[in-house]
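Common to both upcoming complexes is subunit A, partnered first by subunit B, then by subunit C.
Up next is the complex of A and B:
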């Protein structure tokens, strides 16, 4: 008799959703559906982060990706009328080549993972990483603390937003 | 039968996601659809960072912070890419890879 805990059920359901939706996201012929499947994949990723105990990371994933980036995608899809250009496809020979290459690559990588002993390590799950620890590590300047990357990322974000506004602005 | 969630299960999920992204990046001709595939690949790598951190070095936070900064940089990258794509749309009235081949060499 299989002994399934709630965590196992959650994980396998999430994994199934992620795998199915990521395959559909790259094979569907309609780009709005593709963006919606991407949204489901991002939700699933957030669930996986939370299951690992990184609830803060899961929340960031939901806010930044699912809340911000997908909205940006939907708006730009509608702005550029991308649904009309999805009928342009690559040739059948190239499609077969890409499919063969990616399938071979995926099978090889999964085989490689299955033959490693570290892949069978298991730790007790659901131990939440406290937010206090994350905050101390993010704002501290000692070893294994990350105030410098944090500041650099904020500068990078500002630079990217200014650059994006400059690039997308209508020139007169 | 013992069913525990190992590293392997997480890595299979992220591997499938990564190769879906690669497949989409090579087969799509619409720039936004290609960008969606790039997001899939970035997500797969972020999952790997978090999983390896949790399972192999649970006392440390490097992978966690790498994922965190990866998410922030992915947001910045998406914003710039979408700005460029909107500019391409303004010049060509569509966003296909065939149109933006001037820098192909």
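Up next is the complex of A and C:
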């Protein structure tokens, strides 16, 4: 227990940041601040992916979530002039429900950790997953290769985009 | 070929430190040393770039530029400015979101330093090396726009919000072109690791290997890179006449200094990535067949090549900045979505065909 490796220290620091920022993201009263705390949570997740050797997913996390989705959030907040403060009173019944849900989640996670292990134990350490392998898995058609889901997701995205354009141009 | 490889130096430093103390401590110390090195280099380069910008700008406007402070050439002008800005008061605003207001410059500088750390200075002198290097640079640099948006919003002023929205729309759009041109060069190199991209150009630089598509990609990259760095003719986010200074109007002292620093270093990073992808990074100029020339070129250290090429591209970008008039926001977006983006898709296709049919050198 005494000799913490550098990886452990980084992990616990990142985990602490993720936990604190997740809580702040839902408790803060200002909507842009919540988006910023969400950004830090996403950074932390990216760091954890990178620590697992999955740097590709870490970079995708930065690019898609931090650089894309949070930017989209902030853009829409800027454009919609939403009220800056949103202090809601939480009723007693709701508070009980929140606590029950949190406790259930904690029990499930602890059960998983106790019965399985941390993911870090199951994979080779200090090895970066080569991007070439990820690419082959993404567009191969063998077992454990994912060309079909990949294509279906792209069709779904095209459909979403066409739908969005249709809604935006309805006045014509 | 490998006269200036500093990998062995790195290993001997690590070996010495590890023999003196536990390895974890040694790695921590090395990390701190490298981190300090990056920050110092970052600040020094900013001084050099600002001085260069002032001289280049003056030359294009038929002026002399800084020429009083520090004797001939005004070499001490920029260091004096740095000292002045360090002593300035950081003003805090009323009715502004103090936390986000203070956070925004750091987000901008963070994105910039992350991408800065990926540049290939020399053989063995890369700081962050990953299998996905160039993709990480794209991902890290996409954080900067968040800092700009937050700065604009949290200053609680309409000029800054307009500046931030303009700049956000522009950067998000031009990221597409940058991504596609980088993809073109990744197709040519067959790898995303920055050092391997440089090693691939051992015989001939990419811009010659990929001939027509590479040349087109280089032009598109330079245009889009200029827009990413928020520099003229795409500096409408900080259009002085309409918006005073755009998203950083309300910042003072070193907070403003951070935005300024990041702008210049983003210019350097854009140029550095351009010289890595197209002009061979630290790789000396080689022509297959001319062994005598290649041997002579190898005597010049890689870091000289890298810095030289990067400053050449920086000069090209400054030339563009001080030559063209500023575009309007609709012109900027039209240029990207109607011309550059389709063009970069065609370039990707062209490069794929060239690589498949073996038409690259």
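By our rule, the second predicted complex is superposed on the first by the 129 of 172 C-alpha atoms of A that agree within 3 Å, B and C clash if a C-alpha of one lies under 4 Å from a C-alpha of the other, contacts with A are read in each partner's own complex, and residues count from 1 in each chain.
The working rule: contacts are C-beta pairs under 8 Å (C-beta built on N, C-alpha and C of every residue); 3 or more make two chains touch, one makes a residue touch a chain.
What you are looking at is a predicted structure, and each value in this text was computed from that prediction instead of being measured.
Chemist: Which partner chains sit in contact with A:78 here, subunit B, subunit C, both or neither? Use first/second/both/neither.
Modeler: It touches subunit C, and subunit B stays clear.
Chemist: When both complexes are superposed, which of subunit B and subunit C contacts more residues belonging to subunit A?
Modeler: Here the partner covering more residues of subunit A is B.
Chemist: Quick check on the superposed pair: does A:113 touch subunit B, subunit C, both, or neither? Answer first, second, both or neither.
Modeler: first
Chemist: Who does A:36 touch here: subunit B (first), subunit C (second), both, or neither?
Modeler: Only subunit C; A:36 stays clear of subunit B.
Chemist: Output check: A:153 vs subunit B and subunit C. Expected answer is one of first, second, both, neither. What do you get?
Modeler: In the superposed model, A:153 contacts subunit B only, not subunit C.
Chemist: Based on the superposed arrangement, let me know which partner A:18 touches: subunit B (first), subunit C (second), both, or neither?
Modeler: first
Chemist: Look at A:60 in the shared chain and tell me whether it touches subunit B only, subunit C only, both, or neither; answer first, second, both or neither.
Modeler: Touch status of A:60: both partners.
Chemist: In the overlaid three-chain picture, which partner chain does A:170 touch, first (subunit B) or second (subunit C), both, or neither?
Modeler: first
Chemist: Going by the contact definition given at the top, which residues of subunit A touch subunit B in one complex and subunit C in the other?
Modeler: 60, 68, 77, 79, 129
Chemist: List the residues on subunit A that touch subunit C in their complex, please.
Modeler: 5-6, 30, 32-33, 36, 39, 55-56, 59-60, 62-63, 66-68, 70-71, 74-75, 77-79, 128-131
Chemist: Can you list the subunit C residues touching subunit A in their complex?
Modeler: 24, 27-28, 97, 99-100, 103, 130-132, 135-136, 138-140, 142-143, 145-146, 149-150, 152-154, 161, 164-165, 168, 172, 175, 192
Chemist: How about subunit B: which of its residues touch subunit A in the complex?
Modeler: For subunit B paired with subunit A, touching residues are 1-13, 15-17, 19-24, 26-30, 32-33, 35-37, 39-40, 43, 46-47, 50-51, 54-56, 58, 60-62, 64-65, 67-69, 71-80, 82-87, 89-90, 94-96, 98.
Chemist: Taking the complex as given, what residues does subunit A use to touch subunit B?
Modeler: 1-4, 7-8, 11, 15, 18-19, 22-23, 25-27, 31, 34-35, 38, 41-42, 45, 48-49, 52-54, 57, 60-61, 64-65, 68-69, 72-73, 76-77, 79-82, 84-86, 88-90, 94-95, 98-99, 102-103, 105-106, 109-110, 113-114, 118-123, 125, 129, 133-134, 137-138, 144, 146, 149, 153, 156-157, 160-161, 163-165, 167-168, 170
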